[in-house]
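Two complexes come next, and they have one chain in common, chain A, joined by chain B in the first and chain C in the second.
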Partner chain A sequence: MKLLKYTVYRLAQAVPVLIGISVITFLLANLGPGDPVSLMLQGQEHSEELVRAIERRYGLDRPLHERYLTYMAGLLQGDLGQSIYYERPVTDLILDRLGPTLLLVVSAYVFALATAIPLGVVAADRRNEPTDHVSRIAALVGVSTPSFWIGIVLILVFAVKLGWLPSSGLYYPWRPPSAYRGIDGHLELYYQSARHLLLPMIALGTLQMATIMRVERTQMIESLQGEYVKLARAYGVPERTVLRKHAFQVAQLPIITIVGLNLSTAIGGAVLVETVFNINGMGQLFVGAIQRNDYQLVMGVTMMLGVLFVVGVIITDISYAYVDPRVTYGERE
Partner chain B sequence: MSSEPLLRVENLKTQFFTEAGTVRAVDGISFEVREGEIVGLVGESGAGKSVASMSIMGLVEAPGEIVGGEITYKGETIFGLEEGPDGELRKRDDALSDEEIRTRIRGNEIAVIFQDPMESLNPVFTVGGQLREFIELNRGLEADEARAEAIDMLREVGIPDPEERYEEYPHQFSGGMRQRVLIAMALACEPSLIIADEPTTALDVTVEGQILELVDELQSKYGTSFVWVTHDLGVVAEICDRVNVMYLGEIVEQAPVDELFYETKHPYTDALLDSIPRPDRTVTELEAIEGVMPEAIEPPSGCRFHPRCPDAREVCKRVHPETRVVADADGEPHRAACVKHDAFDVDYEGSPPLAGATRETGDGVAEGTASELAPNPADDGGEGRE
Partner chain C sequence: MAVSESQFEDNRETESEDDIEARVGWRYTAARIKADTTARWGLYVVTVVLFVAIYAAIDSNLSLLTFGVLSDYTFARLLPIFDHPTYIPSPGEGTQHMPPYFPLAEQPWNPLPAGGTLEHPLGTDHTGRDYFTRIVYGTQVSVFVGIVSTFIGLTGGTVVGAVAGYYGGRVDDVLMRIVETVYAIPPLILIIVFTVFVGGANIWYAVLGVGIAFVPVFARIIRSRVLSVREMDYIEAARAAGVRDREIILRHVVPNSFAPVLVYATLQIGVTILIVAGLSFLGYGAQPPTPDWGQMLNIAHGYMHSNVWLSIWPGIAIMITIMGFNLFGDGLQDALDPRIDD
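Our next item is the complex of A and B:
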């Protein structure tokens, strides 16, 4: 019950943050260089009246604050405006593309956590032994290599040279692309979907894996030196239980923080990885919108990414409160 | 006095192999603990008290290692070395294996209470959960029996509403309450010996008093023996039966508690006693012990206390005194490691006092002049001052 209260409290705190995001993106999109009207006219011969008419139609002739309020009013009803290029509601476009991006980011984190935590624990347990040194070098390489480069190399090796995995696209098993229509059985669809996911997931997850692994190692080493570990040993707790339970549980708290804070780099990385793997997600939508000066779409996607980040941070905070009993749920004693 | 003590430590040596050199943290100490007794291990920080107690549990962490001596518990060898065929030291066959020490000794035979109750409990598990885990492990009880036992024990150590407190986390307990939890933990495993490593140092004085009272009460109820590690002679006077005073890895004096306080035989113990306020003596100023304890990497030659000793003489620099019986206290030996006693036949009286030795010898020795005015021996002239 306390946790529910805390959740509501954290959500309420997110409101001013989101208003801030909306103001900044609105200002950036409207005050930045480039002119949406000339985009719409696409270099055709045009009269001054036509420009005025278009401005009036999109409300561009009104003062900035009025336009902002109109935009916010729409936002509250889930209306992010109309994309100039696609001539479709921005909300629909985002909802279409959100899925692949979420799938990519979440699976990259699952991959990163599933590999980094055991590796970090092993490195801490075998501190300064060969295993530890190898993992340190691997982490260094992982942290310093950009995700798009990893993506290109993965494509080169596993798609082009070996031909084991597809080089582009990402699909939900429950919404297969036309090429896979007619394939019988869900298993096959899941399998194909997973094959598409594998390379971009690794490309995006490597940086996270490297970071998390180093933090996990450091935390485990610190935790293993804790008095509570000494106490557990003094009471005859087997070394395996000391490592996996007593030291491990305490060491996970900062990992949650790292996951939350790195969410922004992960979402940013997703934009690049989607471009490399030609995945029809938010990233591609975003890059295209910027290139075409489709300011309504740029604002909409930026808002959406902001919301994703804020939600991620809130989930992090709440899980922290759930895992660490010392977090006081923002209440005063 | 039963024939076989509960715990016997003989010539125990524990060293730490660091880059700066070998730290001889515990350097050949011997003592014993009998049934139902509280034995004090006293000394300044760095004297090797905690290392000694961790050595008994076999919990010395790298780069530390027990390099010599023998530890027997209830007649079984917990630790023992022998010389192998090639002259290398190896574990004796009759000594318990690491696995046996873990399952048979730690917790169920010898339990510990650590110094810092704030850090000793795991912050992410409930207090009850931690108690239950150790009870299950060491007494072979089922989960719900262990839970009942844990709650009983929490009540026993004076924690109100134990059923509710059982479900709470360590941060919801005060320091004194956490130390009670740790005492409950130790007693609940029903060990014969509890090693308490400065258990009241982190607590304020009133709470310390309560904890000492509690330990005294529970000790007489359960008959558990204690090794009480502390730097506080006040605590020693309050609860210990016999005392070992440690200095730089060695035991310098060993005696029943009253004997130690009233018939002090070692200048270091004397200095310790002079440095604390005592109700039976009125002084205008407390005497701190001069200087700091030297490093255990390269301990001073001869008696390790001689650079700080007010009674030091030339001979103290040369002769390293091992602990010997110097007096008898109602059938109990009173041991000390100081050459000024007759048990050491090294002509202490004939040896000139060292520069810096500031006290007239107190043992009725016929030396008319204050030692600081005495002529300095030639080889010591460099340090000489008026």
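Our next item is the complex of A and C:
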């Protein structure tokens, strides 16, 4: 019951932030010197009438607050407006592209967690031994390398040089196999999508892996010095059990927070990785919209990516509260 | 180690607040940095990178602010000790000089040579410009952008965080909601939207955009520090003496809340360089012909099959630079934190 209350409280807290995001994106798109119409007509000769006509068509001749309210009213109904380039509803375009991006981000996190947690635990257990030093250097390299460059290097090695893995595109496992030429059966589709996903997943996940590993190591070191660990050892609990059970569980809590907060880096990274691997996700949609000055679409995608981050943080907050009994619900620090 | 072991000898059980107090201050910090291998290496790398950036800035007629264009430059040109006939400025050549464009087949130089010569140790790019020189000059842009935009974020964040934390109440609520909102938009996305809609793709707007995008991060740290500093007796005393709020914030609150932020800023320079590299890679940072690592990677992406190394070198340069700042930041964090002691 308490948890439900906390969930509702966190959701309510997100409302002003979401409104704020809509205001910021709206203002950026509408107030800057690069207003939509001049961006649309960039480099083209145009008459006053044409400008007027465009303004009227997209309702740009009305005062700013009125336009914002219209936009907001649309938002509440899930309508993000009409894309100028595609001439399709922004909502539809986003829903089409959300899948690949989510697949990419989620798999990158799975990869990061699956590698970072064991590595962090081993590093903490063998603190100041060669294993620890090697993993710390690896983590340092990981946080210092741009994800898109990792992608480029992976392509150069595994696609161009060795020819083992494809360098671009993605097969969506949720589509029927018949949607793809030359693929029969679900098994082959899964195999193909795994093959295509592998390199972008590593490219995007490396930074997360390095960050999580650093936190995991610090947390484990701290946890191993805790009273409960001393007690367990004093009772003669085997060292393996102490490490895997007593110390491990407590150390995982901050990881949840890190995963949530790093989501914004991961979303930004996804834009770059999608560009390198030519994946048709939200990132590509965003980059294309920016290039074509499709301001309606830019607003929609920015809004959506902000929502994605807020939702991610809320999910991690709630799961944190679920896992950690010490969390006080709904009270301010 | 030069620093005696006894100085760091520590017994957590008997450690008092006074002992912790004794471990702050510049001399102690400097000693810690010297003793800490990580911090020392970070300092070395950062020094080398800064040296390269400054060298590129004062060299020749290319000023820092125009992010000069490089064309006929060769590696040998960078090292005055070699007697070389390679660089002969043509009449009227200014900073904007570009080599004549030759279609690939007619190029007088070997298109995209592998490098390894003294003249072009890393080969040339697609227009025949020396790649090593461009990498060297790229340092300037990355370091400049990293430091300036971090400074903007730091300044903005300090103002917002200090005001919010000091006044509290409604001011705090409003400012923090705004900060949270800006924080909720992924930085890269926010920066691109800002750059394109407010300024047009231009490195200056990118710098400003990155700075603004990182205001929330600094504001949060400063605010949480200010919340505890504001309860201190000396603040109370200043207030009782009738010192104005602005004076109190500037003279007492900010200086006393600054240490953790400084460490964070060092680490943030690395993050900023990372983001700007991505921004330039997408084409919204430094514009050609300015040599910039991200933008060089963008161009090299199109030549992945003809010259692999064009895609490798700028990435290594980015990695080393960011690693330097991260190492130094990590070391600084340990050195400045009076509780850490191992």
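Following the convention adopted for this analysis, the second predicted complex is superposed on the first by the 310 of 333 C-alpha atoms of A that agree within 3 Å, B and C clash if a C-alpha of one lies under 4 Å from a C-alpha of the other, contacts with A are read in each partner's own complex, and residues count from 1 in each chain.
Here is the rule we go by: a contact is a pair of C-beta atoms (placed from the backbone, for glycine too) under 8 Å apart; a residue touches a chain by one contact, two chains touch by 3 or more.
This one's a predicted model, so the numbers in the text were calculated from it and none came from an experiment.
With chain A as the common reference for superposition, the partners chain B and chain C occupy compatible, non-clashing space. Legend: residue contacts after superposition of the two complexes on their common chain; A:T275 is shown touching chain C, with no touch to chain B.
By the touch criterion stated above, A:P16 is placed in contact with chain C alone, chain B being left untouched. Once chain A of one complex is fitted onto chain A of the other, the partner contacts of A:L93 are absent, as it touches neither chain B nor chain C.
Within the superposed three-chain model, A:V237 lies in touch with chain B and out of touch with chain C [touch as defined at top].
When chain A is checked against chain B and against chain C, the one touching more of its residues turns out to be C.
When the two complexes are overlaid on their common chain A, residue A:I24 makes contact with chain C while staying clear of chain B.
By the touch criterion defined above, A:L297 lies against neither chain B nor chain C after alignment on the C-alpha atoms of chain A.
Judged by the touch definition given at the top, the superposed model places A:L189 against neither chain B nor chain C. In the superposed model, A:I117 makes contact with neither chain B nor chain C.
When the shared chain is aligned, chain C comes close enough to touch A:P146, but chain B does not.
The overlay of the two complexes leaves chain B and chain C separated by a minimum Cα distance of 5 Å.
Contact residues on chain A toward chain C in their complex (touch as defined above): 16-17, 20-21, 23-25, 28-29, 32-34, 39, 140-141, 143-149, 152-153, 155-156, 160-161, 264-265, 267-269, 271-272, 275-276, 286-287, 290, 295, 298, 301-302, 305-306, 309-310, 313.
Residues 177-178, 180-190, 192-194, 196-200, 270, 274-275, 277-278, 281-282, 284, 294, 297, 301, 304-305, 308, 311-312, 314-315, 318-319, 322-323, 326-327 of chain C touch chain A in their complex. Across the interface of their complex, chain A is touched by residues 57, 59, 102-103, 105-108, 111-112, 114, 116, 119-126, 133-134, 137-138, 169, 171, 182, 185, 189 of chain B. Residues 226-228, 230-238, 246, 249-250, 253, 323-326 of chain A touch chain B in their complex.
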